[in-house]
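Two complexes come next, and they have one chain in common, chain A, joined by chain B in the first and chain C in the second.
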Partner chain A sequence: MATRWPGATPYSPIPAAKNLPGGGTGQERERKVVSKGNQQYPPLRALQASAVLRRASDEHKKEPLASSSQQHFDSPPAGHQPEQKPQGPHPSYTGQGGQESEDYESEEQLQHRILTAALEFVPEHGWTAEAIAEGAKTLGLSVAAAGMFRSDGSELILHFVSECNSKLSELLQKEQKLVQLGEAEKKPIDEFLRDAVEARLRMLIPYIEKWPQALSILLLPRNIPSSLNLLTSMIDDIWHYAGDQSTDFNWYTRRAVLTGIYNTTELVMMQDSSPGFEDTWRFLGNRVADAMAMSSTASQVQSTGEAVVQGLMGAAVTIKNLAGLNQRR
Partner chain B sequence: MAAAAGPAVRCSLWQRRSLRCGPGPRPVPGGGAPLRLCSTQAVPQAGINKPVIDRIIRVDHAGEFGANRIYAGQMAVLGRSSVGPVIQQMWNQEKDHLKKFNELMVAYRVRPTVLLPFWNVAGFVLGAGSALLGKKGAMACTVAVEESISEHYNNQIRTLIEEDPEKYKELLQVIKQFRDEEQEHHDIGLEHDAEATPAYSVLKTAIQLGCKAAIFLSERI
Partner chain C sequence: MHFGFQTVTEEERREKIYQVFENVAKKYDVMNDSMTLGIHRVWKDILVHKMNPCPGTLLLDVAGGTGDIAFRFINYVRSVRQRQLQRKLKHHQNLSWQEIFESYQKDEFNSLGDSQVVVCDINREMLKVGKQKAEHLGYSEGLSWVLGNAEELPFDDDKFDVYTIAFGIRNVTRIDLALQEAYRVLKPGGRFLCLEFSHVSNPLLSRLYDLYSFQVIPVLGEVIAGDWRSYQYLVESIRQFPPQEELKVMIEDAGFFKVDYENLNFGIVAIHSGFKL
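Let's turn to the complex of A and B:
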């Protein structure tokens, strides 16, 4: 899938790299791609990847790639600016803040942008490398950019899930602020949970056709740590905003229950064909009500248990007294 | 190329709050706004070393919970004896410690250890068991446990100071205060003839080994 240019293949060192415009700056940029970001990423490939992408963007700018290096000098800066202008407000995720200039995009930010752009092609192509390739194309990059990611589309799905979780967090935070300012009523817990899960599941609606495929990919052993991580953090977020302050085993029970509710509702949603998914929301309401009933039952059982224990202790003390064992030491 | 990108991408793009420094791949909630129910303030999560703080609070919470149960066990056996009031007073201080860590746990959004039900039972059994050896036995248990805990708190204080004493000032203060109080309990135990217990050194070593194991597990699970 890699396009060929004169003088370079994707897998050989780019000879003109050192002749990039601004001489030293170009080189520094190349080195920055290599040194920043994830230490695990082999530097040579990073170098090639970014050079490949930049060359591709040159191509799309329709500059005739003459064999003379003169034109190579001119096109990259022009190619760079539109790509890099929107990068200003993006935070760097690499944690090496001091070393990079502000307008330079890190590897992760680039991947983030490609995946975001790829999402609009998912309803058509599914969670595949084709969608990523299409997304890369809309950003003016070569379709070879899809080679940065795994071929089964896992990164795209994980990116999507992570974005949905962030959106949910923001939504819940906004609601919380409104309640604190007194502009909204504090919801009872079952309503809060129901609304939060519904809001999160509604984010799947545009992609609902292809979501079963995504679920199966998320269950691949290789993806399970990441997808589990994302799921647990989302559930923890929902409980946090619901006002859960438990510091005992309840912490686990509540999260386990909500995870069960979320997963089963998601599955129901997959094969729901009612208008506006009303069957799903009714199912969700019933499950949340069950959970509430279960917790009240649990506390009833506990208080009954405590009463029984008290009774037994009383009986034991009585027997001790009768047997004359209850003397002062 | 893609294979190498895999682990790199996975680690960075959607690792949740366990990232070390400031802005993570997703907006971190709870930015300084007070929580609804009680008086705890939510601590802004950006900029703190989440994994380290998580561990510290989780294990300290488990420790105070266990200490509570140990004293409860001792009181159940020795409550009406002459050391009853002494144990009761130490128990009350441990209750305060536990309350404080409950608040910190909510503020830092730390998960409690899964082993809490187990420490519930094990602590009570240890307390009651040592009390059945007599008053000196109970004091020996107190000495052993409090010595372990003091050393453990000291380690944590060292860790936090190495990290950033300014950022963790409040937490450092709390741990220092609690370490001093645990040290007091240790001294009280010694005053009450803990060392005169039969098989004192064996008992002490066994209990301290158990404490080390408990600390190790609670930090991780």
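Let's turn to the complex of A and C:
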């Protein structure tokens, strides 16, 4: 999800996460995260200790990057430590050299990890501070760490939504690559939209029982800027990957149409009890078809309008001819 | 070292403060109510509300003397636990009678959900008053009383989920040591909460507050507790205490992250919060 593998693209915080309100106070300071061998949960140390170690790792930076990064990336056991972040937000401080694999993590990254861990407890506890507390426990932290977040759980929901949006983005990007490489057919626009919305909504299925609660929290005035932001960026994303298959909509109409489709389908999904949510997908298909029809109707109206005007012009000329007004005498 | 507006050595300061609280212990709660017109109860409620403890939390209340924070913590956790149990029962609507009986057996003896609070105070008299109050009000479960110095806590490392110090850190002689001890005994992810009188920035309010503090409070002290000197010390120590931003920096220096403060009543009181990450 939020984590990338060592050796993959350098770590960058998920853009959507920056939209979340309630950032840290004052400067962002870095925690030291020690990862050795099979240790799953990094022990945490005081700032004085980490200040000292930061200097030590700076000295080790002299070693050539290639060999050290090889050594560094081989040390974590494969498949076990998704929490490890080989490069912190300030690369000059990361321990890329030497034997020590000590990394720095900012408060935001830790909060990110806690929220991700908390998602597992949402089906049982709902989108609450309790779920966050349980998540913190699994990371080896005290339950009091949930105090870092607001007690109504809105940060957890916003985190989840931005994670889903990222996943959708990745999915669409992969599909686009396949099409570019010629390994897949380019989908017609209605099928593309339908599949994208369905994929995104399917991510809600594990949490579907508690999702109405989440929706109501997202609609709180305090959360509307963030939730609206996330929604529009997701819609824009989908249209971006839909490509230039212009359907004669202008940009705002496109946004509004797809937002309408998405929201209404989401609501239908909330109270859908059919097996595999087939009613919802059928509803979705109908809405997308409506949207397509609407677009062709719009262009039809336009061309009809033109045709009507032309017809009137032609009729006027005919009448003039008949009345002999066009003759030049 | 300052003791109120006087200058004393560190040892003298510790002794004098010990005596202050020895003298006021019996009338401590009464004086709190009369000085703050009962608002101190609201402040303490807000502190516990901000803590939002869930059942299973281990709280260390330092300078907790007469137990105000500890009792509120227990009440809060109890009600959260009640709601939890109710939710669980709603879920289990179709249990057999045997299962229901078993769940009652289990949960009845767990009304606090394994939460515990340790009240630590340097002053024996204050602890005595606290224990009496607890007996009187019927608090017995999940509560323990320990004699100890905030600068050198008699606890192991990484033990507690939350550390609170309400209206106590002002009386600690070496605040930095107390903060370091707080850091030491907290678990990773643990929270530090400090409720303390602080500085009022609004000039008009500040003048009224000063007037009230220096003219009214010592008089109340004499009338109610028969001891105006202790209350003179109290108001002077409030003025000597570092303001919000300075305290925030001190807490950060001890190693806490996400340090923040919330002013109550325009800065008359402030709650500082930090996490051991």
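Structure notes:
In this section, the second predicted complex is superposed on the first by the 197 of 329 C-alpha atoms of A that agree within 3 Å, B and C clash if a C-alpha of one lies under 4 Å from a C-alpha of the other, contacts with A are read in each partner's own complex, and residues count from 1 in each chain.
Please note the rule applied: a residue touches a chain if its C-beta (ideal position, glycine included) is under 8 Å from a C-beta of that chain, and two chains touch if they have at least 3 such contacts.
All values derive from a computational prediction rather than experimental measurement.
Applying the stated contact rule after C-alpha superposition, one finds that A:136 touches chain C and leaves chain B untouched. In the superposed model, A:110 makes contact with chain C only, not with chain B. In the superposed pair of complexes, A:285 makes contact with neither chain B nor chain C. Contact comparison for chain A: of chain B and chain C, B touches the greater number of residues. By the document's definition of touching, both partners, chain B and chain C, reach A:151. In the superposition on chain A, A:243 makes contact with chain B only, not with chain C. Of the two partner chains, chain B is the only one that A:229 touches; chain C does not reach it.
Overlap of the chain B and chain C interfaces on chain A comprises residues 48, 107, 147-148, 151. Looking at the complex, you find that chain A touches chain B at residues 37-38, 40-42, 45, 48-49, 91-95, 107-108, 111-112, 147-151, 155, 158-159, 161-162, 165-166, 169-170, 172-173, 176-177, 179-180, 186, 226, 229-230, 233, 236-237, 240-241, 243, 245, 247-249, 251-252, 328-329. On the chain B side of its complex with chain A, the touching residues are 1-17, 19-27, 29-31, 33-38, 40, 61, 80-81, 101-102, 105-106, 109, 111-112, 114, 116-117. Residues of chain A that touch chain C in their complex: 24-26, 29, 31, 43-44, 46-48, 107, 110, 129-130, 133, 136, 139-148, 151.
Residue ranges on chain C touching chain A, taken from their complex, read 50-54, 56-57, 161-162, 183, 186-191, 252-255, 257-260, 273, 275-277.
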